[in-house]
């Protein structure tokens, strides 16, 4: 019999390190790491650039229990190289997802990433592709792959594409989900189209509230490890499929989004279309009031 | 090779393809008379929400048709479209959706082959070429994550320094050879020979696992990925075993 | 017989010339250049309003776009050299001489122009000192000021950012100078009269608000564990034993950490109501949790802070507000309050030398002083007693007659031993000396003189300089909290240990503080969002500080 | 990167029974400290890879103070440093010892 010991640590998800997040997420003391820092499996490529290495290459993978249920977990460290995917970093997640498929265990991915690590860009890009394929193969075997987004680095670039393959996404207000980062858009399109230093603009375009409202994320939680834990426990009770019907539903869902919001110039217009009373006040709302206001949001149930 | 030359060389037995400013779609006939679906992003254009959903819709229709015919994905693109509108609408979901549709097609019995004949970068590369079960390329193809000048800006190193470092390792710099060495591209076709038989040869390969990291290790461009992934699998299995029997 | 009305007559001429370009008191924006040319004369002393917060930016640009052929050799007397237009005026030769107080964002360019001889420097002042000179020997001929709104008679409403305006207008208008105000809009009736229309000669409708820098906003997300440790040391080792109720905080993350520790750590120490009840302070957003939990009785402000307007208006029990509900700030009064009615100043600095002089100057930047040297000095004219003032006086001169003994203002420098890019806080020789040598200045720009500073707080501990009895003790007390800097490593370990035994130096463990307890969870708010929520949505942070 | 190594006499050995602990992350101004209980109880080794060059004297002072003041005996300590200030280094080292001394669950 497994003993369920809920952790009671109160912790800001945004501020916490990858290891702190795992500790606060899983049942107390249940986590064991694969290829831990003591094995010093560092990136073989950073030294070419005379850059500091981290013993876990910025990702912690392992196995723990969530509310008594075994689960495989990966947590990215957004402060090390922006949580970016390099060769070792990516391969740890690929291995974890392949293991999930083989062992029939669900997976939690704690995203905190700027995307591909440029110093090992080719390896990182391929890791993203391998991970996406491994997610889909695991999901087709009935495995839940749940993404948690609320870290400092957000979930950008290839990380956002992996998130798009997950069966369910949990996001906090601080979480950002986007392919191109604000600076990239500004560089390519000019500051008139996107002022990357206008943080309110960044958040209402890419942040957790907007993503939840358009159905890009399924659950909106406070920036609090316990809130992520509760949402993750619920998410693992779902049974996500990944078949033609689901993709057809997603196709309809995404087409509908373009139809409804494709002409919008700004998130506020989208929120207005969603029937939100005073859309400009939305960013300032605390969680409870926001969730009430978000009642008529777009959802992605069975369409992800 | 131009797209027309490529198509002529690939499908001498006939093809019915429609192109727009950014995409191509249709069917062609293989030398053995069987049909093959053709889809793609062309003319070096970026891939945004509109293109991605169109292509994904095609793939889903193909899967629903149940014909199990192979799908060739032609790729000559820029990167994802870097715009406020695309991100506002959730570009990541659209790109993932396209990639998922291709991965699903393979799983549902369609062979998926990517043919990189021009450029491609970042999110567009992941959502198209890299979502195919097998990726081949033509000489002159230019896969990239980011171009060197942009990379120089981000890494705060000069282009000359980056070029010098690129001599020492295939791991970061753009280019076909590096992507081949890293295992991302299965084979580079011979453009002086007819392409149809080369395509047939790829289609004859047995269906299988994702072998890119193994190729990367064999070719020396990505030595650690396969080993690390395998070790994680073994450790997870051991932990699982201990929990079952412990 | 002398003519005793020459200044009034000259003023009349200028006003008449100005009226050629105005309708009543209102100058249309397109005529602004011609208007300025008409009312300003070469060689004038001009006060262009602007400090570390609000800026008469439209008037600054208009002045900078004049031609030196028309107006030249101005003597600028102004609180802040902050906008690039402020220096363009010198670059173009419109102005030659400068007396100022603060130059924050232009600190590097102003240094270059001083080295290049483009500017003839009078002196760098504290705010209060420059204001004083407006009434003695630097009285402006023309003042170009900023307000929120005006009526057609020239009555001005400054909104929460009154700041320097009353002082500048008082000095200029009553001494026969011309006062020109830029306002966002002209209205039928102003919400409250901050400046009477009699004193204002011309008004320019800018159609947009004057620029204000949110200088006093510190994002709690950027506060480090080490800064929290220094804050814990200050609260337990200085605020508590001296019972500091009336004080001023500088800007910086260390003092922001103190503000955010009051409702948590301060509460745990039982200090509520015993410290930090009255402030001379801008409306720091990081004060919100302490105000909301009832720590603070009263705050008088130098200026406002961007985004805090509605919060301040809703907390008139704490802040000074007008009948219209909005904050009334006044830099001159608040600086005076900070000097005479506060028992402590605590702030960060960039460099401290072995005697305890501190400076924010580096060899390539002249940031000016602002108000810190005024707040961070012991007022010799003070006569009213208070517990902290008397206690500090007794520590400085224990053997003297208590009834004849001056008290001492607590002047505390707080910081980490290493700053950004690992630059040490403690140095053998201030960069200010090198700067003074290069510019041939009589005085090195020192922010707080060593004989004013009473305590230095770093993560290594607190040095109480009041209790040092010799130059040598003082040096070792400073070395003793200088951590792993070159200064710190060159300490006389034995003497430092003796100072510690005497309580001159206090380590975290001497105060019962475990450095490992210095955790961000102690902060009453860990993000700007937390501050906004703590304010009940009344605080509206500027976009650049948001992550939602 | 600059590499530094120290082998220090440690007057007090680390408490607890955990085999290893890790604190911190490698980022600008931050560092990670990996502690492994694998040495004789009166010895502490510290291996440093740092992005900030030329601070050997400061590191020397920081790690000697650490070994003298904290219970560092028996610990093999490895540091990856992104240019942290000495106070941050001292704090992480102390946090590391506290972590390896935590009771095992």
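Annotations
By letter and in written order, the chains are A, B, C and D; residue numbering begins at 1 in each of them.
The rule is simple: contacts are C-beta pairs under 8 Å (C-beta built on N, C-alpha and C of every residue); 3 or more make two chains touch, one makes a residue touch a chain.
All of these numbers come straight from a predicted model, not from anything done at the bench.
Averaging the CA coordinates per chain and comparing them to the mean over all protein CA atoms picks out A as nearest. More C-beta pairs touch across the A-B interface than across any other pair of chains. For the pair subunit B and subunit C, the distance between mean C-alpha positions equals 59 Å. Separating the CA-averaged centres of subunit A and subunit D is a span of 33 Å. With each centre defined as the average position of its C-alpha atoms, the distance from subunit A to subunit B rounds to 23 Å. Averaging C-alpha coordinates per chain places the centre of subunit A 43 Å away from that of subunit C.
Per the contact rule defined earlier, chains pair up in contact as A-B, A-C, A-D, C-D. Across the complex, subunit B is touched by residues 32, 34-35, 41, 44-45, 48-49, 61-63, 70, 72, 87-88, 90-92, 94-96, 98-100, 102-103, 105, 116, 118-130, 132-134, 136-137, 140, 157-158, 160-165, 177-180, 184-185, 188-189, 193-194, 205-206, 210-211, 214, 216, 242-244, 247-248, 250-251, 254-255, 257-258, 261-262, 264, 266-267, 270 of subunit A. Only residues 52, 55, 57-58, 61-62, 83, 85-88, 90-91, 94-95, 98 of subunit D touch subunit C when the two sit together in their complex. Within the complex formed with subunit A, the residues of subunit B that make contact are 49-50, 53, 56-57, 60, 63-64, 80, 82-97, 99-101, 103-104, 107-108, 122-123, 125-127, 130-131, 145-146, 151, 154-155, 157, 165, 168-174, 178-179, 182-184, 210, 212-213, 216, 221-233, 235-237, 239-240, 243. Residues of subunit A touching subunit C in their complex: 10, 12, 14-15, 173-174, 197-201, 203, 207, 209, 283-284, 286. On the side of subunit D, the complex with subunit A involves touching residues 1, 20, 22, 25-27, 30, 32, 34, 36, 49-51, 78, 80-82, 105.
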